[in-house]
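In the two complexes below, chain A is the common chain; its partner is chain B in one and chain C in the other.
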Partner chain A sequence: MASGEVEQPQASGSSAPVGSDSASPAPALPPPEKPSAVRQRSYVVLSFWLVVLLLGLPIWWKTTAIYRAELPLDSMLKWADGKACRPVFPLQISIQADALQEQEAHNLIRLTQHALDDLNDFSGHHLRLQLAPRNAPLPKDDFRTALTIRLQPGTGTSASLNQESAVLDITYPPNYVPSLTSPSSPLASYITNELRATFAEEQSIISYLLSTSSMSTGVRPQGLSAEAAEALSKRTTRSLRYAPTYHLTFSLFTANGVPNTWDIEAALDEYIRPMLEVLRPIHNFTIDTQVQLYAVPGVQSQVLSKEHLSSFINAAEWPLSPSIGKAPTVNFVIYVGNQTVALDAETETSQSWMIPQWGTVYLLSHPDTVSHVSVEELKQPMLTFGGHLLSLLGTPQSGSLPLRLSTLGRIRSTDLLLRASSTLGSLARLSLALPSISIPRSVADGVSKTMHHLELACADLGGPEGLMHARIAEEEAERAFFEKSMVGQLYFPDEHKIAVYLPLLGPVFVPLILGLINEIKKLVKEAKQKALDARSKKHQ
Partner chain B sequence: MSTTVTLQSKVGVFAGAALLRLVLFAAFPSLPDLLTGRVEISTPVTSFKRLQEGLFLYNHNVSPYDGGVFHQAPLLLPLFSLLPDVKTWPIFTALLYILVDLLSAYALLVIADSGEAGQSKHFTSPRRAKRSSGLLVAAAFLFNPYTIASCIGRSTSAFTNCAILFAIAKALSGSPFNSMVAISFASYLSMYPILLLPPLVLLAYDRQSDKRRIDSAVQFSLRAILIAATCISLLLAMSFALTGNSWDFLARTYGIQLTLSDLTPTVGLWWYFFIEIFDSFRAFFLAVFWLHLVIYVGGLSIRLRTQPLAVLTILLGIFAVFKPYPSISDTSLFLAMLALYRHLYPIMRYTYVASATMLYATFLGPAFYHLWIYAGSGNANFFYAITLVWSLGQSLFVSDLTFAVLRDEWEVERPDMVGKEIRQI
Partner chain C sequence: MRSLLSLLLLIVPSVLVSAADYHEQLNLRPLPLSALLASFNFRANTSLADFEAHNFRLFPRSLGQILQYAGTRELHLRFTLGRWDAESWGTRPWDGTREGGTGVELWAWLDAETDEEADEKWLTLTNALSGLFCASLNFIDGTRTIRPVLSFQPEGDHPNSTLQSTRLLHGVLPHEVVCTENLTPFLKMLPCKGKAGIASLLDGHKLFDASFQSMAIDVRPICPSEGECVLQLEQTVDMVLDVDRSKRPHDNPIPRPPPGHDLICDTTKPYHQPGDACYPVDHLRGQDWTLSQIFGRTMKGTCPLTDAEVPPVCVHIPPTRDIFASEGAHEIKYSDNDSMRCYQINQDQEFTLILTNAESTADGEARPLGIVKPETPVLYAERSFTGHGQEHGGMQAILTNPGDDPVEFVYMESLPWFMRVYLHTLSARISASSPNVNTSSADIIKEIYYRPALDRARGTQLELLVSIPPHCTVFLTYDFEKSILRYTEYPPDANRGFDVAAAVITTLEPKVMNIRTTSLLLYLPTPDFSMPYNVIIFTSTTIALAFGGLYNILVRRMVGANEVPRAAFKDKVLGFIEKLKKKRAAVSAAAASAGGSVRPAVSNTEAK
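Entry: the complex of A and B
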């Protein structure tokens, strides 16, 4: 743009030779510039460059500096490599042996503990026995104690898991009680085997989790056969990714106009909600229901073979939204029609099947004339759904419900802990790999929060506190990793900066720099002239 | 005899201009609202519509900035709340704006009659005999369609323009104090006039009255700056008290201009650029654009030290092109000042091209805006392209004026070159 400095050479003819003979100017040559004009031009150039240097440079430095908050990279990588935390699950098992004498009971526990320790192939999974106080009531919902063993004298050895609470009832013949001196006892080895059987699935799941994660350096998946590993990986793929909240959608689809009402609220209250209540420490749930009439399934054939099942859901027309809000959706579909499933699957019944990571379909046969589905009719579907929900959440298959749930809590804690740790590791590697990525303060905050909660979770892996901390840690780690302002910078390589700076600043700087060069040339010339003058004076 | 004639014609020009505006206000009752809605006239920081919103909130004891659309100086609010409601009595608001325009014209008259454009303290133009009369300059301002449109559109930049013109007029008539107070008002209202302070101080220094003369330039400028700073602080303190003892208004008025957080289209160059710029470079380029405005002040003041009024005129032209929220009101101010340099028109080279470009943009601008916003058959690039043409026309005027001023100065030095072609080397 127009400025005094740019116009200057036009108006004053700056090519005038300095020091030309002013007494007889050649007619073609303009007269020399006045010293005041020369000085003025220097001031103009100076004024432009002062603004550039004093204001422009600091502003450029400040506004384009990439803010990189300090991240504790070493400890983040330590977490990712599994060096910061050894996942240990100290499982308290209390033994109620009211029929035994105190001394005998202590001896029995000592022997059993020895046997367990000898057997133990996975150091993380620690079973610790302790004697329950005599005549104590059964512990309710106590996460400290994973299992209570009730020893009762009987005619033969038998063991049964209580379905209501985490209690293992063991009966034994009187001669099984170890004497105070004997180094081993049949009762002790029986209890050992029972305990091992009870916790075998949990142990294999957790060691599988650890082995597949990057934290596996310390832990070897021992005693995990190829088939078992495959079954476990199948289980993992079937279950939904962990989320703090799931959205359950119960849908009734009918092939024609009836039935058009169902007692879903009552059925939910009766069969589903109690189970959700039990799951509450691990997940939250939201529920909605819908009825769709004249719904055509994706497969029309009368008898559904295994291949048909995957395309039965008419995804294009049935309003089963993938997820409502932030929470992932689990779909439970009751289809009223006359199709049946060809019985060849091992785990599915003839009426329902589970779709991995999606939900369950139940084929309900219902008389065409009745337009209402009663609670009684809904019982079987609801029970199926409940069972499948547990599988979809990744609950182990064996054991009583309380045991399965407490196991689920531990599995989820481990899973979350591993996931948060590996996210931390990814973030650390990302910030090392991309030196130009900006790291806002919020990311650093998220990382420090994650590490804090990870430490707390690691200290108490078996308990509900551990689960809570692991949940927070995972959430914070994900938020830090997916920080929006960081992602935007990712795709901005240094070369692009030329394209940003040059179009505007290039034209601005051409006159600025040319002016500066002219000034410097003039200064150099003057200095030379001065030196020359001084020398010639000396010679005279 | 001649004084009465000029007095009569002065009254005639002023009355004619007032009457024309009154007729436009009265005969076309929907015209003011139509013009108020035009992006060419109303910018986020001068819009009368936004002022109404702020006024409504202010009259209902809510912070006027809570609505998020009002970005103007708080002291405008008590002024406008004194007036009767604009919906029922639009004539009072109209009268206020007409009065402001007439005052601006009066200030221009004073500026023109002082003869500063042709003959300053350190420089006398050989062409000064042909300079335009004050009446002509005032008439050129008053009957400029851009001025009339911004008056009918009730853009609050009229107040800023009036304050700037009075600051110059007062500096010329040898009252530096009043000049500093006026420029403080202008800066308080629109912020950018603070950049006019250096040439204005020089102008006031050159035109001091003999009675109260301060010979030291440093002492004079320190005093002037002190006066301006005190006055601005007073105005800010009053605003502070007015907006419920909070400094929030700073961020909502000047902050908006500094950060350009309101990206409403204007005739300027900023809005499109900052829609497109990468977020991470936004802060840097905001600084660059502002520095670009700042950088001319020093260089021009030094180079044209002998003609501070020319510096002011050129700077006003630069601001009308490059400031964050320009409107045609800023252009009208620059054109009014340009009229003072009629004696330089013969040595300006691009007057025809520049005026043709500006006329072209004036007619096509609204059409392209219509295509983009209402017809939907164009996009933002249409309007941006025409604002580029508009800015090109104005910057042609600015650079041409700069060239003419320098050439005029040079010809004093080199009388042998008068009338000869110059060539770039």
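Entry: the complex of A and C
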């Protein structure tokens, strides 16, 4: 190889005269180009490149660009991390102590408040006491006040929750009244303990919710044992996702032709509707009922064990499809048959069980010959359904009904707030992780609406306004996250792009680039020549 | 006291039952050519009050919710497969009112003040029904939806005020293949499912093996003159079974020729020789079957909810034929109609019927078929494409009135938008063999209601009010143009063709009935589907060629042929070739000079 290269100049040197000898006289040099022609060629090359760069590139960029609306990523992530909002639940407790003197009452409240503040381990959940105006009637539907304590003198200390409204009645012996000077009083500590007991469950649920969410920074659940946490997690997984409206379906299933009628309307009026009326401020409900004959359960055995329960519902054949519309469906099934559910104890049996996030099944025994199910027979199933509905909705288990419902409102607001925040965080992370995903304007709108309502909700977490704003925020966040047009262009492989671009760009760019190279070469040469000329001029 | 209580308990449900009653009936009618028509009819009434309170008992909850959600006043849904052979089977069951065109057909009256609202509700309805019946009803979009003007009238009793604020929409999906997955939800809607009563005979394998089958669902409000309004849900299944085919054993379904002595021969043929040459006439075989042979299973009692007055099974057959029913069944004969027999069945007993073969008459004459002769229909209709090529086509409908009275009817077509109809070519011509040949086109077509298609937005709607004189055949023809679709608009099996929905014929005189023609398969110009890439390559090449030429002309310098500067590379290559040539020449010259001395040496070595 090396020898060939060495030989090359010799060979070409020898061949050139031979070629010129045999073929033609040495090629005549073309006449020197006019400078105007040279300049013109430069302009042509330049203008082609200008068209490509100034017209072609922007058009290509514009037509293939993916629209990405601006998202406030920082604040979205802040919400998700819980830095934007510190959930606090200031709970107003008003104390009616008409029997005490003004001064004494104030002192009692001061002492109790002290005791509460000392004991409180969870700063978000804050009980604030105030003295109710004297001889005032019981506050009705006042959402500001979570609980009213009625202090009455009596013979011994006792406390009872009123079943109709959020009122705690406390009686105390006269010697419990704190003197104006004493630093502590038995009545104050009694009230403190009662209050803590009343709100213990709510506190633990909310702190559990906060701890499981990503907003947990700063809010450590304290005093929450492992068993308690497990029980709470069971309860939260069991309850349905929040929705403003639920659809309740009551179904009567029978294995053969009887019974085929039931007094469901009367039973609903008596046992279910009053309860739904109480829940009305938090949820709306629609109800439908159906009778289904010849429905064979998935399990035939007489006594159902725990394993059987999951396959009892014959999903393929029983028409329990969720109802049309947005509202989630809660199913309440009465199955007529003499089957029973075996509990852990050998002899104990049960009639019903709850299916998490789905509904309840009740096994009703009914004589074979009677084709009608009366209201009396429906009483027990309906009461069971009512109870199960409350726990499916996530209502706490202790306390009086009004108190449980107001707690439910606060729990739901927290839950929704956390859900909306974490959805925002997911959206932010998604848009960071996938640079090629398109983000339409509607998503940006949804995000800004969500943040607006989140702020409003955060400002008023305990009240009904907060629940409403949290609800809107959650809805908007979900809508923004599940925007359909975002995934449309996600997958467009690079091979396809090459297949589309190469046939055009290949043949077009080869002459363009060669022309450019020639031009640049010429420019370099000219510059060198100029330098050479200048040097020789200098020498002269 | 106790008996009184139980009596009360028994009365209460019976009162409730009468308010919402249910009945079911199976009609069996043997047809010529060993066919058997089985018509299942299930009818459930629910009071409107119960329906509005969402208390579903006989009415299926799933359908009820859809109707309420989509504001549907009246609904008609049809799943049809196969073709009704009117020439041999006569009039259609239920006068054709319970069948649709091939595929799926849906029409409904929706509560809507404006057309936009109606469209929105229609979308909801079709999507929801699509999920319920496992059919592609969600593909009924704007291009497949029309608003008929003359063809359909509400069947239910609607107050005039509500009827004014309702809209009728009609959608059809001729491509849909009706199958078992549509039957399962259909059976689920029945109060007794497929577990008891006549529905226990319905088996997907037999139903979809039939020569013709149609499933219908009708929901309509009925307001009797006294009493409260009810919402009626009527479910109908009509099927024409091939008896010979159904009787084939399950485990050995391959048809085999019958042995020679079982053959029925046409004795009028000149070559007929007993035992040697035979022209078989299978259609004279007559029918003998059992219910369990035909449907593959026996009937499992009756549904306990059914109206005890209505006998569940009826057979339409001449009184001369013998039928044996299973024990416990009670035969009812009607004095006014001696060719109908019905059977009352015990609630918990299995039931089957045995129809024996018609007895041959003694005097050697041709054996009677032993079936009730089918009625001649009011009108025969068939429809086909004419024309050739990929651009233009024509449609021809042949309508024959076999009766003695003129027939007046509405002929409705719902055509896809890619069939561009030339309405000016629409003509009606009476065939030359008809008695009144001189009737002009204007006398036949009385009214035309035409809504032209919009590309990709809606299809053509054509409704014609036609009257045909007695014993005449009318040819209804028009031309159309086939449009070229966009690349993405072709279905995966584009070369199969595009289904064109059946024409719906609603006769007004002498009686109201429905006829549907078969659906058609339209061939459109179909591209080669590697086209887009070819187009990219082709246009790119053209552009590159044009661009290259233009660019070179602009940039290159023109010089004389002898003035072309030698390219350095070319010089190098030429020089190398020259050198190679020289080397070879030198080698061969050396070889030639040394040739004489080398050769002997070689031979020498060989000699050694």
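Just so it is clear, the second predicted complex is superposed on the first by the 420 of 540 C-alpha atoms of A that agree within 3 Å, B and C clash if a C-alpha of one lies under 4 Å from a C-alpha of the other, contacts with A are read in each partner's own complex, and residues count from 1 in each chain.
By definition in this document, contacts are C-beta pairs under 8 Å (C-beta built on N, C-alpha and C of every residue); 3 or more make two chains touch, one makes a residue touch a chain.
Keep in mind it's a predicted model, so treat the numbers as computed, not measured.
In the superposed pair of complexes, A:T237 makes contact with neither chain B nor chain C.
By the touch criterion defined above, A:I287 lies against chain C but remains apart from chain B after alignment on the C-alpha atoms of chain A. When chain B and chain C are set side by side, the one touching more residues of chain A is C. Looking at the shared chain after the overlay, A:A499 reaches chain C, while chain B stays out of its contact range. In the overlay built on the shared chain, the residue A:G56 is in contact with chain B alone; chain C does not reach it. Of the two partner chains placed by superposition, only chain B is touched by A:T64; chain C is not. Of the two partner chains placed by the overlay, chain B and chain C both lie in contact with A:V508. With both structures placed on the common chain, the touch criterion links A:S36 to neither chain B nor chain C. By the touch criterion stated above, A:F48 is placed in contact with chain B and with chain C alike. Residue overlap on chain A between its contacts with chain B in one complex and with chain C in the other: 7-8, 11-12, 15, 30-31, 41, 44, 48, 500, 504, 508. Every residue of chain A that touches chain C in the complex is listed here, in rising order: 7-8, 11-12, 15-16, 18-19, 24, 27-31, 33, 37, 41, 44-45, 48, 249, 257-258, 260-261, 264-265, 286-291, 293-295, 317, 319, 321, 323-325, 370-372, 374, 499-500, 503-504, 506-508, 511-512, 515. Residues 278-281, 283-285, 287-288, 291-292, 294-296, 298-300, 302-305, 314, 318, 395, 398-400, 402-403, 406-407, 409-410, 413-414, 422, 424-425 of chain B are the ones touching chain A in the complex.
Remark: chain C residues 9-10, 12-13, 16-17, 53-57, 60-62, 64-66, 69, 128, 188, 191-193, 195-196, 303-305, 347, 533, 536-537, 539-541, 543-545, 547-548, 551-552, 554-555, 557, 559-560, 562-566, 571-572, 574-576, 578-579 touch chain A in the complex.
Listing the residues of chain A that touch chain B in their complex gives 1-5, 7-15, 30-31, 34, 40-41, 43-44, 47-48, 50-52, 55-56, 59-60, 63-64, 438, 488-489, 492, 500, 504-505, 508.
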